[in-house]
């Protein structure tokens, strides 16, 4: 199911990945590879384990009490679940944007963007300013906030906050960016803005995005996986999945017959 | 007969309402009386010299409580200096590791500690500080007040830190920061202004305490800033003057009570106002 | 510099937090230990008979705590007796009768009473309530209820009843604010169910608000009692401070807290100091147990509710 031909170099790979909440298995035996600088969408009915799966890819799932993960996730060939690997190094290389915009409270826009770098010990002001500017530009927010970098991050609108969170994630320059339904809390205009910027950042980053919105997946992604009940039913080029799915379940879902 | 029964029910209902309204009045009246009495007696006894002068010897009219006002500030701040770091640290522990056994024990400890009679805390501080130093001291007063503030600060810090939603923690972790940096530099730093509310609340409570200071800070008729010497405080000074037979001292006790009450109620109302605002906003 | 792995760094913070938390728990145990140690000579000298002997004469080395225990219990129970119905009614008034925008103001006002320092209450008691007691309240009670032994004897203004009255004003906010938060937990649909049966408001309150809250109310009352037991300044200023056990509520008495406040700095024999510490230990234990008791009621309550 996942052994499709891919022209890009593989950057991230899941092997027999399984995840539990207590006794409940939310993710079942996922095998998939993601190519460098591609946008990969994950779709499926709600509760199908797609968010949980995504949260396994940067080891944030294990932060919830009573959860466990089996299997491997290879980042450039190295298993991030290896005992010798420090989890913070994993997360520095695999960034994440969440469903609800969550800028840090009582922190300025500027601080929100550079906090990751600063807390890693980079304090040179010119470096931080440069990073902030370039990341805010990549997140298509620079023009809107360049005159008020010192106002609170939480004072922005929802869409702007989410772009700020994208800039914050980009600031530590991770090759892979995970996005967990980043537009589900936003209005259509804000959503369009974010879809636009994703096309831009694709030049430098690999994006894996969970979305409940099939049109969105079809619009922006190169590859799409379809999840049901913790299993990956189908994975392939988005153009194939949405026009000519191989599996009956996928076809039913994208044609709106269930889900 | 049936009509009668209905009438009785109706009368009962009305009577009950009357009783409830009367009780509400009964509670509000003493409050009103206390405030009115303190304002009336206090404001009329108040003068500029109350804030700027030291007490006059017995028999001489006039003088003020400058030393006691400064002393109260000194000792309360001293207490806060001890209680705030410990209290916030425990608040962080309770918030971040709420399911551990130690957290549950600590919570019970905090509840029981806030129930210790303040006079008993005074005796403890006497035994711990006054006895070894062989003198009543501001330090002993500060220690006593810190034990009074500690449970308040722990409880409010925990509440306030719990308002930080979990996805903020996750966002920090997702940036590749170790948990300790997320806790200290994102959650704690982001809540500092809110934590201040808990501190104000604790200070407003401690500033009015008399019993734990009676045999720790003791009292002093002169201005002193010596940590190891007895120090006057507003509540103890009020007490001393209130039970004295001198009319002028009693007048000054009223002035002191007025100042103390305005100070405390302002702080308390301010903290409450902030706390409500924080909770309405859910923090963020 | 050795670079620690993030797990080790986190563990360091965790142990630091744990250490401070243990320190605070240790402090409570340490307070008990220190009081016990200071009281030890008196425990040896007086034994458990301390709590039933009535003679308190430091000069003769006679130490009996009964008058103080009596004073503490009587003033506190009397205060709770007065404050409980009023507090419940006030809580009902705020939660059931007042429109929301007023209820916040009134409940803040009531809770303000808790913020007033006890020395201010004491002062008010000395100069306002105790003259009022002497001139009006006591003669009134004597005229109409004088045949009862508790209202016998003269009133000098200060005494058990005056102290209890001020205490009751001080604990009303404690009891009523807890009651109010419990009443507000009653779901709207239960109230409506009661109204649907044709109840009057009074019957609805009895059925849907009061009876499911009984254990919560009792825990509030016990917490109020805890506060009254330990209250020092206002009582010290109003109770008269004589170690007597009398049947009249107009008579002066002394409480455990008030005798500590009065005698601790003047105590000059080691046994006197130790006996006061013995009292402190007893007072600590009484409040400790009553608070623990209140906690267990709340725990059971929240299990059911």
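A, B and C label the chains in the order they appear, each numbered from 1.
As a working rule, a contact is a pair of C-beta atoms (placed from the backbone, for glycine too) under 8 Å apart; a residue touches a chain by one contact, two chains touch by 3 or more.
Just so it is clear, the model here is predicted, and its values are computed rather than measured.
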Item checked: Central subunit by CA centre of mass proxy -> B
Item checked: Dominant chain pairing [most C-beta pairs in contact] -> B-C
Next item on the list: Find the chain most remote from chain C, comparing centres computed as mean CA coordinates.
Entry: A
Check: When the centre of a chain is set as the mean of its C-alpha atoms, what distance in Å lies between chain A and chain C?
Finding: 56
Next item on the list: Express in whole angstrom the distance between the two chain centres, defined as the mean CA positions of chain A and chain B.
Entry: 48
Notebook entry, point to check: From the C-alpha centre of chain B to that of chain C, how far is it in Å?
Noted result: 17
Item checked: Where chain A touches two or more other chains, by residue -> 88
Checklist line | Per-residue multi-chain contacts in chain C, two or more chains | finding: 6
Item checked: Residues within chain B bordering two or more other chains -> 178
Notebook entry, point to check: Which chain B residues qualify as touching chain C in the complex?
Noted result: 9-10, 12-13, 16-17, 19-24, 26-28, 30-31, 33-34, 37-38, 41, 86, 89-90, 92-94, 96-97, 102-103, 105-106, 108-113, 115-121, 123-124, 126-128, 147, 150, 154, 178-180, 183-184, 204-205, 207-211, 214-215, 218, 235, 238-239, 242-243, 250, 253-254, 257, 260-261, 264-265, 268-269, 272
Notebook entry, point to check: In their complex, what parts of chain B are in touch with chain A?
Noted result: 99, 164-165, 167-178, 181, 185-186, 189-193, 283-284
Checklist line | Residues of chain A that touch chain C when the two form their complex | finding: 86-88
Notebook entry, point to check: If you look only at chain A, which of its residues touch chain B in the complex?
Noted result: 58, 60, 63, 65, 88-93, 95-96, 98, 100, 102, 104-107, 115-116, 119-120, 154, 165, 168-169, 172, 174
Notebook entry, point to check: Along chain C, where are the residues that touch chain B in the complex?
Noted result: 6, 9-10, 12-14, 16-18, 20-25, 27-28, 31, 34-35, 38, 85-87, 89-90, 92-94, 97, 106, 108-113, 115-124, 126-128, 169, 172, 176, 200-203, 205, 223, 226-227, 229-233, 237, 257, 260-261, 264-265, 276-277, 280, 283-284, 287-288, 290-292, 295
